[in-house]
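Chain nomenclature is as follows: A, B and C, assigned in order of appearance, with residue numbering initiated at 1 for each chain independently.
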Amino acid sequence: MLSVKNVSAGYGRKLVVRDVTMRVAEGEFVGLIGPNGSGKTTLLRVISGVLAPSEGEVLLRDAPLRTIGKRRLAQMMACLPQELASDLAFTVREIVLMGRSPHLSRIGRETRQDSEAAEKAMALADIADIADRFMTEISGGERQRAFIAMCLAQEPQILLLDEPTSHLDVGHQLSLLDLVKRLNRRSGMTVVAVFHDLNLASEYCDRLLLLHQGRAEALGSPQEVLTAEIIRRVYQAKVLTEPNLVSGKPHIVISAGTD
Amino acid sequence: MNRARYWIAAAAVVGAPAVLFLCLSARAAPAAGEPARKPPQRIVSLAPSVTEMLFALGLGDRIVGATDHCDFPPEAKKIPRVGGLGRPNVEKLLSLSPDIVIATDLERKDLAEALRRAGINVLELKIGNFAELFEAERKIGDAVGEPEAAARQVREMRAQLDAAAKLSAGVPRDRLPKVFIEVWSDPLITAGGRSFLDDVIARAGGVNVAHDLVQDYPTINPEKVVQWNPDVILLCYMTEAKDAAAQIAGRIGWGGIKAVREGRIIADISPDALLRPGPRLVAGVLQLAERLHPPHAAQPAPRNPPEK
Amino acid sequence: MFVILLALLAGACALSLLAGPSWVPLSEMPESNIVRMRVARILLGIIAGAGLSVSGVIFQALLRNPLAEPYVLGVSSGAGLGAAVAIVLGLSGTGVWGVPALAFIGALFTILLVYGLARTSSGAVPVPTLLLSGVIVGAVLSSILMFIVSTSEGEKLHNVMWWLLGSLQALDWRPLEISAPPVAAGLLLAVLLSRDLNLMTLGEEPAAHLGLNVEQTKKLFFLVASLMTGATVAACGLIGFVGLIVPHIARLIMGPDHRRLVPAAALAGATFLVLADSFARSVLPVEIPIGVVTAFLGGPFFLFILRRRTSPYWR
């Protein structure tokens, strides 16, 4: 579905991502992990099309990204950014409806079909009860879910998430990721997400790409990637990995350092 | 602190220096210049009108410095320049070692004091109407040691004004032509009751429609001109008014004004003759009087300018 | 709500027809010359008011800053400089195109300069760079303008100062001929593409993710807004405050959805300016520059609205 071929990218002369290659199959849930500054967000921005790579290319369904029209791309791919505007005076419903823009002509109005898609998205994101509240009046977690609903209203085939859980408490973290996982499993929506938290990544992702100083350090299943040795090398942190008591996936166990 | 106390404190902080300033600036006004013991030989003129008056008194060769605008008579153009109207370059002025400096409207009032402290005699004149013009002529005459020549000048000017007045003698006040003075078109500026132009119009036998306006040169709403419905429109731009007359006739809503309908838009009297408060002004008054009250009885045939 | 705004505009126009230094009896109404003069001013006020307000809305959306307004990118300084040059060269006066033409050229020059300086090698125009470029260019042009002001005398000085304060005085149809086409075109475009403006308020990246060609949209809107501003300035001089405050007032009433905000701002701006002009030409025997009136009336009015707001429509 998505193919990243020898992509290098950066800002100005500085390269943040170096020669990364990766394939994402349709319906996969892939996580991008790595220390701060390793290029995760940059790579995601290249995949989403807002940042042009200095080398290499990204193919979406075998078509190079740059040949796909912006509107067409937005019909296929949705992206939830890390920073969310919090001063918007729109209602939740209005924000979610903006997600329908790729499916509308430039000067067209929304139809009944669009309203229904928005309602469905809001139901999925569990914010139907605050649909008429203003974005400025709801909590950070609710805002995040509103933006998720906006992405879902795009009816994308692939969803990109940039640290989607950073502003959420543990309850909302889990419910959000559960939602995304459900959509991934039931409708086959491909997901590529940047994770800060290794355990969450381990739990939810089919495969992980570990970035270190812009290069692909490891690519594979959580078991293959999240080993104590790799983590020590990349994060310079001594941890233990144990199977998760419930799911069996690798679980990073930390303990406070001595002396 | 609460709101009321904040505002009171703020007022006090602002008010204190203001009061202090007012107290300190209440000083006596500076004394006017004294006439020199012997007639000054090196005169600097800071106004074109003053330059013209000096030349008329036959003292053109004693002028060592003049403004950029001093261009009449032609010989005046050869005089070294010291700056613009009311804003001389002080260094240049001092380098000419003048015995006396004669100025009207100085932009910076303290300049006169500064020159006096440097030992230079300064004569400041205010010329806002004809009475003040004659007074200025006399003062100049005294200051430069030519009182008789000055008195002669004044008599000549008065004679010309009388000649102008004769043209409208016998015309009852309410039959005098109403004149709209257009000082500038964009924005529309006219001359008010206290301006010199108002006096010029009066002496030429006309009535300034804007006489009741207090400002010297107020910016007015074009509607007022329609309301006043002047008999004559006089263009007094500082520069030549090229095609202005035709433009004026085409203005929105002006087609009905009497002056426009009858084609009585005067655009050909030289601006220097109307705006420079000097000897040529009386000639301008005479010229204007002749246009307002043509010697023969026939009126110019009314023309219908094209409506826009 | 729109009905109310339309009614307000109609009311303002009616008032403006009646207001003025002279009283025109109703029986004489349509034919009177004075009425024709007032109609010209009203039309100019509607065009300028709508143009400046919508321009302000666009700038506030693109720059995502509530303090943005039509003059923020230096267009006012460029146009002012053009007008000052024209005046000093003696090119002003009734029927002469010198001042509006040079003012418009000045505006155009400023837009191109600011944009050119802010452009990156890939053709993108980052917003912070654009703002900085606008402020710098504006400052430099302003300084040249101030130099001209300081060296001009008497009449020319007065002329320049008056122009800098703005006026709806319309002695002929020139100002309308200059401003109507760009403003009309700009309004049409803004109305048709209002959804794009909505998307832009989410941020440039989210807007791109929703399918918007952000750079193209930015350039198009900046060009349109700057041309509307330039045309208005060329026709009427610098009328301040309208482009900053009316968008906020409209937003407080109508909300941030640009599909309703743009028409509302246009109507509100037109009404405001027509009212201000009625005031400017009838209160004193002489004309007050309209820029003075807009600031004088607009400021307290806005403060009043701000204090009474209970609606959540506030950025």
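Points to keep in mind about this one:
What we mean here is this: contacts are C-beta pairs under 8 Å (C-beta built on N, C-alpha and C of every residue); 3 or more make two chains touch, one makes a residue touch a chain.
Predicted model only: the values in this text are computed from it and were never measured.
Core chain by CA centroid proximity to the global CA centroid: C.
Among the other chains, the CA centroid farthest from that of chain C is the one of A. Judged by contacting C-beta pairs, the busier of the interfaces A-C and B-C is B-C.
Here the CA centre of chain A is 78 Å from the CA centre of chain B. We define each chain's centre as the mean of its Cα atoms; on that basis chain A and chain C are separated by 43 Å. Once the centre of each chain is set as its mean CA position, chain B and chain C turn out to be 37 Å apart.
Residues 45, 48-50, 52, 70-75, 77-79, 81, 83, 85, 87-90, 94-95, 98-99, 101-102, 104, 106-107, 134, 136-137, 154 of chain A are the ones that touch chain C when the two sit in their complex.
If you check the complex, the residues on chain B that touch chain C are 84-87, 183-189, 213, 215, 217-224, 226-227, 237-239, 241, 243-244, 246-248, 250-256, 308.
Contact residues on chain C toward chain B in their complex (touch as defined above): 20-22, 33-34, 36-38, 40, 90, 92-95, 99, 153-155, 158-159, 162, 167, 169-173, 281, 285-287. Of all residues in chain C, those touching chain A in their complex are 122, 192-193, 195-196, 198-199, 201-203, 205-206, 208-213, 251, 255-257, 312-315.
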